[in-house]
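Naming follows writing order (A, B and C), and every chain is counted from residue 1.
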Amino acid sequence: MGNASLEGLKIIEMTEAWAGPVCASLMGDMGADVIKVESFPRHSLTRPTSPRYATMPGDGPVYERDALHHQGNRNKRNIAIDIRTESGNQILKKLLSDADVFIEGYAAGKIEKLGFGWKDVQKINPNITMISIAGWGLEGPYKKMVTLGAGLDATTGHLSLRGYPEGDFVDTHPNFHSDATGSSTIFFAALTALLQRQKSKTGTFIDLSQWEGLVWQFPTILAEWTMNQRIPERLGNDDPHIVPHGVYRTIDDDKWIVVAAEDDQQWEGLCKIIDRIEWSEISHKYSSIVGRIKGREEIDNAIESFTKQYEGFNAAEILQNNNVIASPVVTPPDVLLSSQLHDRSWHQTITHKWTGPVMVGGFLWDVEPDSLSWDIPTALVGQHNEEILIELGYDEKKISEFYTNGSIGNHYEN
Amino acid sequence: MTQPLDGLKVIEIGGTVSVSAAGKKFADFGADVIKIEPPQISEVRKIAPFPDDIFHIDKGAVHLAFDTSKRSIVVDHLTNSGKEIIQRLGSKANLIIMDIPAKEALDLINIFKDGDSLLTNIVTITPHGMTGPYKDRIENDLTLFGWSTRSHRHSITGREPLRYGPYAGVVQIGSTAAAVGMAAIWGSRSEGMSRLVDVAGVEALMGNVDSGFFLWAVNGALQPRSAGQSTGLYPMGAYKCKDGYMLFSAGRDPVYSRLCNAIGRPDLSTDKRFTDPVEKPKHFEAFKEILEEWLSTRTKYEAFDELQEKGVMCCPVLDASELENDRQSVHRKSYITRNQDGIGDITIAGPPFRMNGLHSDAWQSKPAPSFSQHTNEILEEYGYSKQETIALFRAGVTT
Amino acid sequence: MTSNLLQGINVLEISEVWAGPFGCSLMGDLGADVIKVESYPRKSETRNAGDPRLDPRVAEGDGPIYERINTHHHGNRNKRNIALDIRTSEGREVLTRLIRWGDILVESFSAGTIDRLGYGWDTIKEINEKITMLSLAGWGQEGPYLGRIMFGVGFDAMAGHSLIRGYQDGTPEEIIPILHSDATVPLTWIVAVLGSLMERDRTGKGSYIDLAQIEDLAWQFPGIISDWKMNNRVAKPVANSDPSIVPHGCYQSAGEDSWINIVAENDSQWQNLAAMMDHSEWAEIGHSWSSIVGRIDSRDEIDSHINQFTKQYDAFDLADKLQAQGIIAAPVLSPPDPLMSPQLHDRNWFQIVDHPYIPERLLGGFLWKIEPDAPSWDKRAALVGENNDEILMQLGFSSDDIAQMRSKEIIGDAYDEATR
């Protein structure tokens, strides 16, 4: 049995990609009854119909074997509805009528057009909390713009910080940091609203701009400008105030190690290991951080001449044993080799109809006494249609009518 | 206006009450005193009272009084980066006074050594000195006082020995360090040699004049542990008057005879009961009754004026509320009240000595610095770039 | 060889008892040339004893009582001595020459006395504009208390210190008189006079320093005035306790009148102390005493437990054991105890001093150790007038002048025992 922290809460999630779905899974991890209302007949973004890099081997439809989709949709039930149809519209209304939280991830304005704006939802269920997670929020000049996480990364200024000092933006790998961090923000927002409901006895609408959810995480970008009229430079792995602080080569081709010594004590440990003990002696200029800052290149070279002799995990262990910050730059397969994660039983083995048993990554946190469990593997499209519709009071006849008129479904056309 | 110690640079390390008291006189008389404080918050800042009993790192009374006219920089002297800062600051200083454990002090001394010669004057303050089997012991104001033999005498027979007022011992140790530090500066001005001075708290207290050890060492005698009023060479001690107490030191002639005359009992000055050294201790109660009767009709200030007029050594016993308004204190401005940013009015003692008249500005007591107030300023002054300064902060060397 | 820190500084002392003379000895320890002008024919106060049978300050032995007095012995090392009647014209000539010789003049008469003797600052600086004059009157040189007289015990009372250092349940009558200002004033005035000499390097002139002994006490006790001004509270005695630290006190140890001070300033010291007392549970989480908050609330109970514990042990042994566990602990020494300290012996602190009438004593040493030139006790406390001839010849007087002064009792080398 899983964790029961959020037991009794009913969550309706109607989002795609990452931030929304992952948030809903986090709630499911903690015992909420999460129903994902999946797009139908259009396939969801994370359920491509033709194979891609993330497609797992196995039989069955490609859109049921996408690894990214699997990772973001555990612990939910699934109903696939075409809410543009009258019946679909009715089903969603019924779902919302006794739900606690409704998370929707359409572009701004879209949900109103579908008849499920806050004004409508409020009428259906005055106690519900509705969260819209459009990229730039629901109002303002950008409200009509559409984006994914990579665009938010660029417009918060984060993109300008990442990357090689000598490189250009075009070389910088896009990332989806807002998706990874957005899920926790939405989670926190939903629970805040629920706590408020205990006092106000009424539901709340939350306009959560994912851009705003990202921008607060990088105060230095703005502060460098407002405090010191400076545009922060790309520093790669350097820290202007810490030497050493970088990524170094190991004995293996394209395998790397991070090494940093944040204070004099760590530096002393590092000097011992790289056979430069004299560099930490009080008479040597590098014994002070002030001297080290001026000798970054020489120090980096000395460290690399050490790390190049070792395999990354081994070098990291030697350095850590001497109180130096060090870790291998792990590749995805390396994660499976981590004795630490295995010791904590972090990995989860999931059996899925089409992919068979798969070892996947675990939870974001460990809870006592009722620890988390992966009770519901990622559901198939419309896997719980019948179960949910019966709960809503529909009979089998009605359900088969819905299938026939296309307001629900359980597979996508390729 | 120049002050006597203008141009001197003094560094204090450790943040204790002792070292803060040691640096104070240098600072108030014009030296540039840099207070190097540990990131863990200086002891002197933690000591009550605080305004309205709400503690604050910048509002402790002892800090406000002892850290006047100094600049504050935070440096972790245990790190090599911190030592490099201390080395740079110290190389331009006339004197470094430190109150840190002996082991740590030795490390700092070594960075100022060039072969056998020392690059600047250093005074170390430790409980038991830099050498010997007790060098690593930890003590505080109370235990140091117990070591000094003073507690033993400062007590009523049969009861536990007492220290003096809180911090009296460690302040005295700080004053001892200041005196010899000043002498070391003088010594290098006249002959260019720097010295290493080892002040052991126990020795500083025990070697001073009021140490009980000397009496014993010379005479094999133990001073009696009398309770307050002396029953031998009286009147000595506090006697009750109309509104409080009067402290007498009038047991011996000529002062004793003057007292007898002043209270209208010249006969007592020749009364064998009170003048014969063997008889005198037997008649303490009788004399006490006579003196207290006279005092009972007078306030302590009335008695003080009347008796001092006749050359009797006596003083009113004052409490905290009376200090500032004492006529002499008012006349000399022995206490000064001034505004301190973020606190309001504070009152501290004025100059411990007046150079060239009561109103000269040889002594200028500027407000005590807030924690780390001058870290950036001092690091810049000593050649650190802003990037380096931030790196020092980031590495936990400064705060 | 003594220290050379103050070599070349000439100190002229016309001062009695402790605050003036001891500071001059400290300067002598550091290499200054100190000449003490001793009162003559009146005996100086420092050499005044009561009945030698009853006065513990008098050492047993032969020779005049005034040469065997402990306070004089202790407060007058490393000086030369001239006993001079400065009320005579010849004596004044000697003093004038001494003032020309001096860099520092230390006087501790009551305020106004030195002016009446004809040696006020205006006169002194006429004689030698480079000299710095230090006056040590208790209440300073100006103000309504001009002319009043007192010793350190009184300044202590009037600076507010007396009322905060007694037992918490005691009365002012039970407060033991102390001479704290005598110990600390010299430390302050050394800074004062050296500061003035540094200023002299710039100005070419000496300074006049008015040090009120009561003011030197005032700065040392900031808590007294601050608690009144900040919180309207009149400070009361805290005895050996600290309001913010428990335990912090003096406890009985084995043997009569034997005591030990123990302090645990933080949780880890408390933990070790509890373990030493065989009550580790007092420091375990869950027990209220494991937190300083709980300890503050149970001060008396904790003190009584500690007392039960300490009573079983010798103070020195127990302090050794507690210190080994990182606990602040120290025996309370009675005057003979320092001789038992392995630490002081290891540091060669004690000084063997010989004196014509008080032979070979092991005395206490210096306030500081100095490298490379350590202080040494080169000159024991001088006998009265012991260096009369040497000093007068140095000042340019002939043997005849000296003989004449001796015969006219302007100088001397003995007091009449009976005089005061």
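By definition in this document, a contact is a pair of C-beta atoms (placed from the backbone, for glycine too) under 8 Å apart; a residue touches a chain by one contact, two chains touch by 3 or more.
Every value quoted in this text rests on a predicted model; they were computed, and no experiment measured them.
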Graph class of chain-chain contacts, one of line, ring, star, complete, other: line
Centrality ranking, top chain (CA atoms only): B
Whole-Å gap separating chain B and chain C, where each centre is the average of the chain's CA atoms: 12
Chain A-chain B separation of Cα centroids, rounded to whole Å: 62
Mean-CA-position distance for chain C and chain A (Å): 73
Complex interface listing, chain A residues touching chain B: 239-243, 262-265, 267-268, 280, 282, 287-291, 293
Complex contact set, residues of chain B against chain A: 79-85, 107, 110-111, 384, 387-388, 390-397
